[in-house]
């Protein structure tokens, strides 16, 4: 066993009997053929195939000890800075292949599971904790190249600071019963991206100020576990045509609400329960954040390279690169890109071994990058719109170019350096990137990837070591 | 004759044989029944009906001299400040009815025609100018309550400052022949909003630095004139369901490219041709801009009121009004709204009679408002997204609430002060307003309404009287 | 009695025996001759003279009933919109004369006293309240044309939200004894602008969440009351030379800390004490804010006109008006100016009679203007710096132009349209306006004029009537 | 010979007979005792002493070949990345000692001379070029530890794009005669920081579009060369008291205009003349920019650390760290600091050997940092002001704390965690950093350090390699 082929991933998915609701109907038949899912499943499948591509197999996989099979490099627990660089390369391959558009490419969740397993000893000997179940999930996932999503956001009925969210009939998914077989869960979680399209789903609760012990659990279960329901939002696939909807036709991941209707979680799948401290530690003291940020920043860099390419292609197409305000806008993207790259590199250079022997990337530069990107990404999209101007609206379709009206379009819509179909194709890409439901969902997604931007600033401020700057000011003031 | 009923507007439109291309097909049959057009046509029809609504008929219409029929107040050429206030009221009625979402509500083009006619004497006695044709269009339009669009943007193959745009085979629509019957036009114009859905289309060229005399013309012709083709962009109607797509289902106006394939424009429809100065004067010295800005600012105010309502409703629904950063964001919308209102009022208070006896709103406050709105409107949309957070993505459909999964949704998606369906309906509205193709097109539309924002600043700076401020500084420096 | 001459103001001030500390010394001798105060006292004196200037006396004063003497129009309690316009004209005269640089020009405090007196009936019949003392202060002030400052900010030892500020030995000025003669006050108040340079000082406490009843008082006492001390900050007067320091040499107002060292406040000067509700009502329900904002916004408009003049003069001097980014920056100032003017006008147009028969300007437009200005003013200063570039640093002095090196300077520092001395004079003005201690204190002053900008947004949001926007969204959602 | 002591630097300076004009007078006597210069000269002197401090001598100096004396490490021409790190350490020592406030610390100009010498072969064999003179200056400077300033900005009489600046009687310094002894120069240069306080002055012209060959020269001459005059601006030293003016009393560098009144430049000091291409190449193709940026970015990082310390000290002093908007503001400084640090490190990691065997830091990350800092530095200063609020104005003096009023101040002005004198000292530092003439000049200085920010964006955009991003978009569009 080890890395799987794309078609195996699809076949395994189609075999699962997952309860997915879409536009008022329970999905029947192969999910890989459903219009809302086929594009993204095809794309994920192509990512799995890259692991077996002879040209880059060495950069995408590694071998464990004396085993013959190679496994996905996203499962590698890095012990050296060299390992970290290998992880970067692997993430980069996948991110560039999908232009940074896939938030839940397999490396994201594999990285999460790798890091939780690496830090599982944190839970050793603590109440209601089963670190061995994390380790065994890690091994199983690696061996079978399982796909995952995770879900941890509680429904937001009332976001007031004073609202504790306690209630009798659970809204947020909670343990409502413990029995011989396992935990029984009832309630909901919001927003599992790719929810219903993965082998398993990892469930936990984001730690917070008032933390109900009944929510202090974590486990991973198959997506077709009885009582588990995925309710999709409206699909943002614009259609099958690559010309018309180059991004949404292949990269739209879908988000779903996850409902737990008396779901039984067998003991051997439980990481911990009824332990608020354990929940907090596994999130904040494990290497989850350093590795998750590392993966995400690499993906966002690939995305920014793509955006810069789109912007510059538009500039050349309509020949506006002499305008100072255009140069200024492009340089904003360049500044963002180079800043992200420098911060990523610094996080790797400053990496240190943690208490479990894992080479963790340095957190501060990653946190800074994670604070910067949610601000610059929406601005990049705005810049694309400002370059495109009315061209972002003058958007005929593939069919138009294949009709009697084509000659007119070819004449009146050509660009300085592109034919009309090529120009329209480029501008449709710019539209799909920044103005389509797919594009605007990406903006919201990046904005909130690591949580409310307002809180990200707070965390950065609180985590940041301030002794040195305070000290130099004290010395300055006292020295004279 | 005089104001028409909504159904008459529809009937007249369906009778025209307009060449409209949509997704590679020429539209056949009644345009009012086509999925991409029926919503907006229905909405425009309801605007016409408002003119006949006894409750507000007095505010929507006026009578000319000794005629019995009342005509639309958008045709009123104001002679007093009181007239100006009447115009404001009429515009407000239409804008509020459509929440400021319709850029080409009938009052916009009626206002344009009213103001061109009022300033037509500018063209008197000049070469190739026929001011009487403008006046007769005005009278005909008023009598028949005709509907219009206009188109004046030239194709943007090369936007370099050094590109003069001259070419043999015309890209930008030009006069290629003059004969006994009239002008023959060949080439294209970009972006006629509602192009193909109006009785007539007003065609001219925006004055510019290098102005080809063959483009220096203006005329209005029926939309079904031979050789005239409207090529639509992709439709942004999300579907019929008001629940799912409350705005795009009724307010999506469509934009089209207008192609002139040897279109003959009869002499009696020509305002002028081959006269660069006349073209410039009619645009810059007529009352077109003061009245067009006046209409637009009123519409944008109605839109901002709606946005404030959406934002505040979201805040209450998820109970976040205690957060200082939320208060700050809402106050940004309030500041924008009140600023626009104050500037509008000042333009009316400072109105003056022009050389033709027309009471023109003062231009500077309107220009300031027109500089402010393209900057604040995208920010308003961003604020809506920041309030909505993950709620902007968790968006099930009307069908979901009408299915077996409804009970789950009703439980997990309710808001503090709204049931789940009501909450989702509100958030879907917020999404349609800011993240759907309809919503993002509105952002681009408002951003560029009066042209490139970069140039708007330049115009404002150049038009602004700077003598007084210069003078006080001179006095200050010399006085001592 | 009635309006006084400038020299009377100076003479009266010099007669007072006020305890003012400056740079470690108690000021002895005539304050009007002290280097830190002579410029501003001369300027204030010139304002008093304007009331007697025959050319504008009618616009600066009014007569009460059958009295012969005319009194300052800043004391006029407006009953009509016409009165309000008269107030605007008077304020404008004073503001333009001093280019909006004087925060405590006499009209500011006169307006405060006028408005408190107009609303004094609010205190009628309430515990420990003496509205008649407010009225008698008003009459006395008007008759004698008294000068005032006020002080209400408590020392900021700990600004934590949880800090109640209670303490035994008072920090914030408090009533520590009540006796037959009056109240005894101990403690301090921060930041009396022009503190020590006025006939009287009005003392109260800004209402807040935890409001110590011992601080809930208000009174006005002569500046030379026993135990009252004014401790000045460092002076920002750059020197006597108008060429070198055109603003600070005449407009630097000085700020001081006010210490109450067992100050006895006679009963007849007390407005109220030990009444938290009265303190809150007199601040929030009186017409103080509407009239104070009205005065301030007019002053800020005059200041903005001056800034626009300085900016445009610089642009012409170094001939940079062809640059698009310069045009954009200037248009920012224009937008700010016209926005303020429109909001001011709207506040007057929407004025209404209050319960006491006073014509109050409408508060919302004023509040919006008061939220806008603290944001745009620092930006205006930045724009001046960005226009000036290195010219803001290349600043020789008046003496240089009067020395052997003058010929070199005249050659190398001239501008396109100004001689070197004139150019340097202008750039020194720009420097004094935005980069000198005087200029940067002005930035801080405008930023905090009506309090912490963070809170201004909150107040605006809370005060704003949101029923209509909420209602239109409700109707929109329900209507279908 | 080699590194000198601080006192030697001062003695050598006092021995020079430099023509410096200050406030209309030619400075006579020892410049090191003049109130406007003594602070900075003392500070520079302490920097020279650091080179001889046994604790860090190894990090501040290096030995050449078989010479015994050690010379300043700022003269080291790096051949390896290790050398580059040594340079960074040396620069850091000096920058931290002076808190990043000294733009012309000796390393800046030493670095310039080191890099020009390293690239001097560029001029080999070209017309009117004397690369050997650059090399000999480098050796002389290193041996004697000479101090330098440079001056290259031409007077800005007319900044219009169309103004070529040609004139008969030279405004901008030009060669007006060539004779046996050397070049004769007449005209002026703007803004030599520390002009008149250094052993020599390096003179050249910034390349530009229309480049007069008579200005295409470069040379270095002693500051007391006949005909050379330095005309100072007003001094920004606030006074001697460290308590009152902690920064300006020791860090104010002075800027001066440099006048060339028929200055004879001996041939052996000329680098080149009358060669536009050489001038352009030596600026743009030499390693000047990479090394100058490297030095500047390190200094700016030290400055930012100091600013963060001041901000955080203020936050703790008045106990406001619980406010979300305060946390957000501090995190802005942190983001700026970490971004600069990451970019600096990347420039070193990506360094490459140039054609002359010198290890050049990578330019793009440095250029990005140099684009970022001019934007964030003014914002940092604004943040300091926003934290300080009214505390930035309530600023008594050292004398006040040494007077009879001290007890009052000690009571009413103390902070949560600091005594009143300590609190005031800190807030005075904050004021001197951001609001004093010294502080605002620093803002302007950083804003324009590498030229007009508008142009910096243009350069970055033009220099940036865009092939890869363009390529991935092309592949994306074609692939399907």
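By written order: A, B, C and D. Residues from 1 in each chain.
In the analysis below, contacts are C-beta pairs under 8 Å (C-beta built on N, C-alpha and C of every residue); 3 or more make two chains touch, one makes a residue touch a chain.
The structure presented is a predicted model; accordingly, all values stated were derived computationally and were not measured.
J.: Enumerate, in label order, the chains that touch chain A and chain B alike.
T.: Touches both chain A and chain B: C, D.
J.: Could you work out how many touching-chain steps separate chain A from chain C at minimum?
T.: Between chain A and chain C, the shortest chain-hopping route counts 1.
J.: I'd like to verify one number: the distance from the centre of chain A to the centre of chain D, where each centre is the average of its C-alpha atoms, in whole angstrom.
T.: 44
J.: Averaged over CA atoms, how far is the centre of chain C from the centre of chain D? Could you give it in whole Å?
T.: Here chain C and chain D have centroids separated by 40 Å.
J.: Using mean CA coordinates as chain centres, what's the gap between chain B and chain D in Å?
T.: Centres of chain B and chain D (C-alpha means) sit 53 Å apart.
J.: Send over the residues of chain C in touch with two or more other chains.
T.: In chain C, residues 324-325, 454 touch at least two other chains, as defined above.
J.: Applying the document's contact rule, which stretches of chain C touch chain A when the two form their complex?
T.: Contacts found on chain C: 324-325.
J.: Residues of chain D touching chain A in their complex?
T.: So the residues of chain D touching chain A come out as 96, 99, 242, 246, 305-306, 308-310, 312-313, 316, 324, 327-328, 330-332, 334-335, 338-339, 341-343, 345-346, 349, 364-365, 368, 371-372, 422, 425-426, 429, 454, 457-458, 460-462, 464, 466, 468-474, 476-477, 480.
J.: Touching residues of chain A toward chain B in the complex: what are they?
T.: Going by the criterion above, the answer is residues 21, 23-26, 153, 155-161, 163, 169, 171, 187-188, 190-191, 229, 231-234, 244, 255, 257, 259, 261, 318-320, 322-323, 325, 378, 382, 385-386, 389-405, 408-409, 411-416, 434-437, 439-441, 443-445, 447-448, 452, 454.
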